[in-house]
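For reference, the structure I am asking about is given below.
Labels A, B and C are assigned to the chains in the order they are written; within every chain, residues are numbered from 1.
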């Protein structure tokens, strides 16, 4: 297979996935329609996460801080300052970018286990801050964005993000953009350098690459995509609370990505979809969904560190990005 | 109350926190020092110790000291056995690879927490203290039990130090910590050292938890705070350094008690977590440790 | 004729690891276009010296001048862009990536540094990757993951990655270690063709390789330079024989 063939196949696969998601809204019953919208927002978060974890090999245990930066960046500006949803979305992204660059300058001085602990501690500080400034964030209780706050006009059309169809398609646009950005990055020179850093950072440096700069770019990109997902979550589901900044929301993307396949573009979507439905199904007869999360983490680490798509790529489809 | 007595009260509370924290952090530090892995489920072993203490002590009628004593013996043993099991079933299969181990222990954290919720329930429950003396200061009375917790902790720490410094087991641990491969070449059964250390680390957390349940109620979510505080202590004290761990536990425990009397506890926690992150980045040998190599 | 300015000069270059003086006060020069071999017993400080030159480890004292400019304070990746390429002693190709992708990383670096913000030309990339693989004779293995190659081929891939950086100074750290005699012979031919474009600094234990390739030889012992000269004078040098045989 020539490189041009591969490119064509890859593009067709990704376009196909996006088209399938688009068509799903016409056939899915109302309940699953809503679930899928939520899955797409969370999959966008996981896609951002895998750029850092899967491709660059940096395991962050604190990505909830970036998700929360977007969530509160959008939620607080819309709720307290009366900004329109697009402006709030921009504020969320900006907050994520600033935070991830700051975190990068500090945390990227460490590697391995220390990096995991530092990101976890910084995220914990952000979580505690969201409780400390309870006057604005209302802590665990959270702030609720009303329908009016989530409605805006663009090019003469009124868009109400609290309506199911608008919400679904906004989530789809977010996910499609995240997926395509991820695909573009991993196929670009930067993506090649990220993978090289994951495989052997010292060697990469000796090929003339400023690996700190490359890691900082990967982290900023990953954090900003996570923040975009967080901002969308606040605007589409009308809620921003401290739970989303807690350690659990740093672990979930790790779990989704591990299940779907760490260094794959589509793995995050598959993992998020699978786990969401697994929790959904099991919640019918038990509330012990954390048990499921725990068991899955242990089993994946033990038996299948490459995840579903990773295994598929190893066995059959070597061209998968 | 005047400032002086107020400070005394805060210091006493801080001392109790420090005593329990030292034991918990010592467990984490031992595991990290010898095995070079970070056990994120450490706080859940603490929680398990507390919950088991309640389950063991409560059905025993008569003198509360009896139930407490039984809990003090049995709870750490059960927790140690569970740690042993998870070490054999999971960590050893991962060959103690640091990053995979962290992910696996996160999984264990969720599993233990959920099992506690399922079998123990969402309520917070206390265990009756084994005795009920009060020590009368001129300004206020203070629980004799709390002071005995400090005494028990100091005794256990000394015991640990003796084992590490004076016995053959201690020598094996130090050899493994210094250089695992060489230790193995000299016939030290690394495999058994690892599972023993992991179990003892969990048991130290369980002992600390049994000591605390008469003061603070057992709850299925109680593991997170000791985990974070132990992290703080171990990192600030210097990874794997026993002396540093104790010094840091006293400093953090005391300041936690004193600060939370005067400041918002949330703010204090924010500052502490940020401090830890900075220490890990800029002074990885800890504030009290010497530079390695 | 005035002597040309040397390509590389070190002045009282030193490196300590704790109490150990790995490299002590080394004044060292490499002339343009030569093949310079560094020899010496194990632990003499050879690898430390070239690691200081390429920036993998920082110097404790002293200066390094390359192409007339002081590069002592520059990070390793910047030195690579200035033309110092290092091939690792212990083969450290990217085992999970194909040979093509291994070399592509090096080619991409040189292509991107030429046109700072431009797009990477995929055709030029592929062409240069294949050219580098061709030169070391493993073009047919382009699609094979580097970890699956034989040891000898991995060493050749290392060299291809070094070549693809278009270096002015190519540092080869024990390149023939673990190669068969036939592989060594063709490797020597390869080094001679590379030497037409780049200066070569070679750490080598195989004296046969050293004698047949090197224009000049530097002998190190205990972190210092023991002797320097052309192959004939070095092999006749009593001190060198002492260090190798008597030490």
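Everything below uses one rule, namely that a residue touches a chain if its C-beta (ideal position, glycine included) is under 8 Å from a C-beta of that chain, and two chains touch if they have at least 3 such contacts.
Keep in mind it's a predicted model, so treat the numbers as computed, not measured.
Q: By mean C-alpha position, what chain is farthest away from chain C?
A: The most remote chain is B.
Q: Please work out which of A-B and A-C is bridged by more C-beta pairs in contact, and write that pair.
A: Higher C-beta contact count between the two pairs: A-B.
Q: As a quick test, compute the distance in whole Å between the mean CA positions of chain B and chain C.
A: 52
Q: Between chain A and chain B, what's the gap in Å when you average each chain's C-alpha atoms?
A: Distance between chain centres: 34 Å.
Q: Counting in whole Å, what is the centre-to-centre distance of chain A and chain C, each centre being its mean C-alpha position?
A: Chain centroid spacing, chain A to chain C, equals 43 Å.
Q: Give the residues of chain C that touch two or more other chains, as numbers and ranges in rising order.
A: There are none in chain C.
Q: Per the contact definition, I'd like the list of chain C residues that touch chain A in the complex.
A: Residues of chain C touching chain A: 54, 56, 75-78, 80-81, 85-86, 88, 92-97, 101, 104-106, 108-110, 112-113, 120, 122, 126, 161, 165.
Q: Enumerate the contact residues on chain A facing chain B in the complex.
A: Listed in rising order, the residues are 59, 61, 106-107, 109-110, 112-114, 116-118, 121-122, 124-125, 128-129, 131-132, 247, 251, 254, 258, 288, 290-291, 293-298, 301-302, 305.
Q: Note which residues of chain A are touching chain C in the complex, please.
A: 3, 188-189, 192-193, 195-196, 199-200, 202-211
Q: What residues of chain B sit close enough to touch chain A in their complex?
A: 38, 90, 93-94, 98-100, 102-104, 106-115, 117-118, 224, 228, 231, 235, 264, 266-267, 269-270, 273-274, 276-278, 280-282, 284
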